Amino acid sequence: MSDSDGKGRLTVLKTYKLYVGGKFPRSESGRVYEVTDAKSRWLANAPRSSRKDARDAVVAARKAFGGWSGATAYNRGQVLYRIAEMLEGRADQFVREVADAEGLSRAKAAAVVEASIDRLVWYAGWTDKIAQVVGGANPVAGPYFNLSSPEPTGVVAVLAPQQSSLLGLVSVVAPVVATGNTAVVVASETRPLPALSLSEVLATSDVPGGVVNVLSGRTAEIAAPLAAHQDVNGIDLTGAGGDAALAKDLEVAAADNLKRVLRPSGQGGPAADDWTQDPGTRRMTAFLETKTVWHPTGALGVSGGSY
Amino acid sequence: MSTSTPSPLAGVASSDSTLRRFLHGLPGVDPVGLEARAAALGTRSIKTTAKAHAIDLAISMIDLTTLEGADTPGKVRSLAAKALRPDPSDRSAPMTAAVCVYPDMAATARAALGDADVKVASVATAFPAGRAALDVKLADVRSAVAAGADEIDMVIDRGAFLAGHYLDVYEEIRAVRAECTGHVRLKVIFETGELSTYDNIRRASWLGMLAGADFIKTSTGKVGTNATPANTLLMLEAVRDFRAQTGTQVGVKPAGGIRTTKDAVKYLVLVNETAGPDWLTSHWFRFGASSLLNDLLMQRQKLRTGRYSGPDYVTVD
Amino acid sequence: MASPNTAPGTGTGSASGHPDNAPGHAGSPFAYAPAPESRSVVDIAPSYGLFVDGEFTEAAGGKVFKTVAPATEEVLSEVAQAGEEDVDRAVRAARKAFEKWSALPGSARAKYLFRIARIIQERSRELAVLETLDNGKPIKETRDFDVPQAAAHFFYHAGWADKLAHAGLGPDPRPLGVAAQVIPWNFPLLMLAWKIAPALATGNTVVLKPAETTPLSALFFADVCRQAGLPKGVVNILTGDGSTGAALVSHPDVDKVAFTGSTEVGKAIARQVAGTRKKVTLELGGKGANIVFDDAPIDQAVEGIVTGIFFNQGQVCCAGSRLLVQESVADELIDALKRRLTTLRLGDPLDKNTDIGAINSAQQLAKIRELTGIGEAEGAERWSPECELPSSGYWFAPTLFTGVAQAHTVAQEEIFGPVLSVLTFRTPDEAVAKANNTPYGLSAGVWTEKGSRILAVADRLRAGVVWANTFNKFDPTSPFGGYKESGYGREGGRHGLEAYLDV
């Protein structure tokens, strides 16, 4: 990062912060760690979240769950679309951050940002369709109206992919919140800055505070308390994909309250993550419950509807 | 005679609006659940000694009925003979509870039955439609009582009920009740098939009981849907709850469409497990039926002899 | 309430004048004579082996155990106890069979399943009697519910076998491979059907372990497979205890694990499969709330409560074991419920009029006794109808606890027996909050005549199945499964297929 804007003026550096409950706190631990670009040049200090930050984020996500899951699907779609709009407006910043984080050319980074925006638009359109695709009436053999509908599973811990700092991030967070879950996101450990900046986009996009919470730091350190947390309902282990032992430990911990677990690629899912591909519905259905409601119907009258 | 409404429900019928509020405040009926319960009780397996007991009980509960335009004194006399001695080959077969006829046949029935413990039941109040002026209906009742009827089977004014004029229905029952002098018992027929919904049947049941019915009865046998296990179950719940609230016991009479022993036994199971054993007597439960009797008699012969019987071994009256 | 037998002042009714037929004359007793279903329709062999690769064989270790009739403690048969070696052999047989089975056209797999459905229907009486003997549940339930539903599950899934690409799960759904299936003792044959029918329809092969106390219907099902001409190795049945199940689930060549049973074991399985490729569905415990509002259809609600907790002696994961009743109608409802419970008929499960059969095992009976003991000790009020229990076998009278609070053990722990805990609430919000206040989330009931309230409450209940103005209804087309610690995945319906497919 240059110290000046080329005209002799010293630039103002940004202090990156966490995003929890709609606010931008520092880590309660007061710790930060160095974030460097692909060529190991210092970019910024990122907060190194502690287990207590994880705890606070779960509290915020739980608090937000009722309102967000209760919002209309149309409303959630509007909010996701708003995120895309805001991201589009700040595309230059993200192109720079992605280029730095991932060592991409400006053109390639721009393509990543555009794909990220488009991914948000894609999920914005899913919010009010997924229930029609995965829910429906079941023709039971009796005088009952029987309807299955998807419902969000609750608070989901999302370990964002370690490599794809923005497109991968958006691709794992958007399906979780599009379906009405709230998320505690653990950003890429070495490439957290696009995630932390995305928080600023979320904060200005009508996303209610607590719906998405973003933590940076050591993935293993933050993920462990989240996987064991009894008030977390699901966990996406994508970001633990490079460390099979960690992924297994987290899945074991998640069994304590039977969290819904989305395993990293290669384990039951696609062989590898290619974030440019059509995502399908898998990431949405992974954190949806199916609720089936039975209602008696019966005849109009005692004579069996002989009218 | 005592005509006041039982005290816990005093004032309920003081106006159309209080009556409406009360009837509409009764718990709703879920049709699917009601029918499922009736069907479940229908799967009880009543065999051997229990079946023998049930058959005799059912015979003793029959209001042996003829309600035809073609009824004649001869037809009524032969029906009375059948009621007195259902199975000529077996004197141990019980008598039926009553014979049920039109008012103009009540005297004939009375004479044919003599002193025997078989009641004369007479339909009245412009049966089956009930579409006549009140004074005509009351005259109908008076003539039946005068002819020696022990029981009056009246029909309610379904038109008034469906129009929501509950107090009119109530007052009419009271007026008929007042004509049932002496020991005459009043059965109130709702014509459940015309009331159409179970909620209406529950309301009509309470309305009838509040107005002083001794029995509530499903139907005339003259419309498409008559007694069913479900509507009878619902009425049994009503008499059970009415007694729990007021201490007054009211009988139930399903009528029409009950033709086989198997059906009759199912109804007795409904009585036994809903209102309870207190209702398992002809004083509190009746079947309005005619062909049912011969099926019961054939089954009775089968139990007695071990052979299946046939229609030539029961009398056609 | 006035004495039932004196009906004073019946309007103007008064006496009829017939002394033997007068008001107040108590009704005749109507005692139902015994109506036992005949045992002769079922021929139980003195011993059974393991069904592996189309043959019955002894366990490698030669170990056996007895299965008893819970109603009488009579030993019904002796079955093999499968060990690790047997598990390995069965998984290998299933793996071998998988290649051809999964390559069959869907229409051919469909026909096998249709055959199985039909044979179950043909042999329904035999299977019903067998299940009642081995499980202890009333014949009326096995006859009218377990066996017909089992046949219906095969019939439903048969039709899916050649239509999977149209199920909306992706254009090319592929079977997973070998499914390890472990089922409980509460609905032995029906749970087998819930597991095997979708697995086979989707092209998987299975190794199924029935519960230790109810192995027989699965072994008879092996004979159904034989009659249906099912290729060898497609269905393998291993009898045994928990150690057999653990060995099966942990076998490295298993691709899919499906378990129905306790939450405790479910968690152990979830840990066990962590880090593997095995796809898992878990159908676990529950503490279902049955919510009755003051405007409920009260007579039907009483029936629903009874069905909810006394069906199958309450040994149902989705039982409505917590009754939440609005305080304004609590007394009335509890009175009605008690009156209704006095008509329940407990006794010989083979008698067609029996409503309440035997508890499945001595162990389960001990657990029910322990938990109800705690309920009393914690201050809840215990009530049971007068009820004579048979002298041999495992029996527990229908039991109500009133005055229960959320803090009581009987409101929190799954009892898995004929025991209902009654709690009250004042407002819909409170009802929902209490209903959801459990780590479980399998089932719930809501009773009200107000349509909008049904929808609002059903919407807020965190449970996989919600019954509105009904309870304990099941259907092959209707997905079943829980939220939270009641497990994950769905069984039945279009949703259930996904558990056995790589989509």
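A few notes on this one:
Each chain carries a letter (A, B and C) given by its place in the written order, and its residues are counted from 1.
Methods note: a contact is a pair of C-beta atoms (placed from the backbone, for glycine too) under 8 Å apart; a residue touches a chain by one contact, two chains touch by 3 or more.
In UniProt terms, the chains line up like this: A, C = Aldehyde dehydrogenase family protein; B = Deoxyribose-phosphate aldolase.
The shown structure was predicted, so the numbers you read here are calculated from the model rather than taken from an experiment.
Relative to subunit A, the chain whose mean Cα position lies farthest away is B. Per-pair tallies of C-beta contacts place B-C first.
Subunit A and subunit C have Cα centroids separated by 38 Å.
Averaged Cα coordinates give subunit A a centre that lies 68 Å from the centre of subunit B. Centre-to-centre, using mean CA coordinates, subunit B is 41 Å away from subunit C. Shown for subunit B are the residues in touch with two or more other chains, namely 30, 32-33. Among all residues of subunit A, those that touch two or more other chains are 144, 296.
Counting only residues that touch two or more partner chains, subunit C has 469-470. In the complex of the two chains, the subunit B residues touching subunit C come out as 1-3, 6, 27-30, 32-34, 36-37, 43-51, 53-54, 57, 117, 119, 150, 177-178, 180, 183, 185-186, 211-214, 234, 237, 243-250, 268, 272-273, 276-284.
Within the complex, the subunit C residues that touch subunit B are 1-5, 7-18, 20-23, 25-35, 140, 144, 295-300, 303-304, 343, 352-353, 449, 469-470.
Of all residues in subunit B, only 30-33, 35, 192-193, 195-198, 201, 224-225, 228, 230-231 touch subunit A in the complex they form. Of all the residues in subunit A, the ones that touch subunit B in their complex are 143-144, 296-304, 306.
Taken together, the subunit C residues at the contact with subunit A in this complex read 152, 168, 170, 263, 266-268, 270-271, 274-279, 282, 284, 439, 454, 458, 461, 463-470, 473, 475, 477-481, 483-485, 487-488, 490, 493-495, 498, 503.
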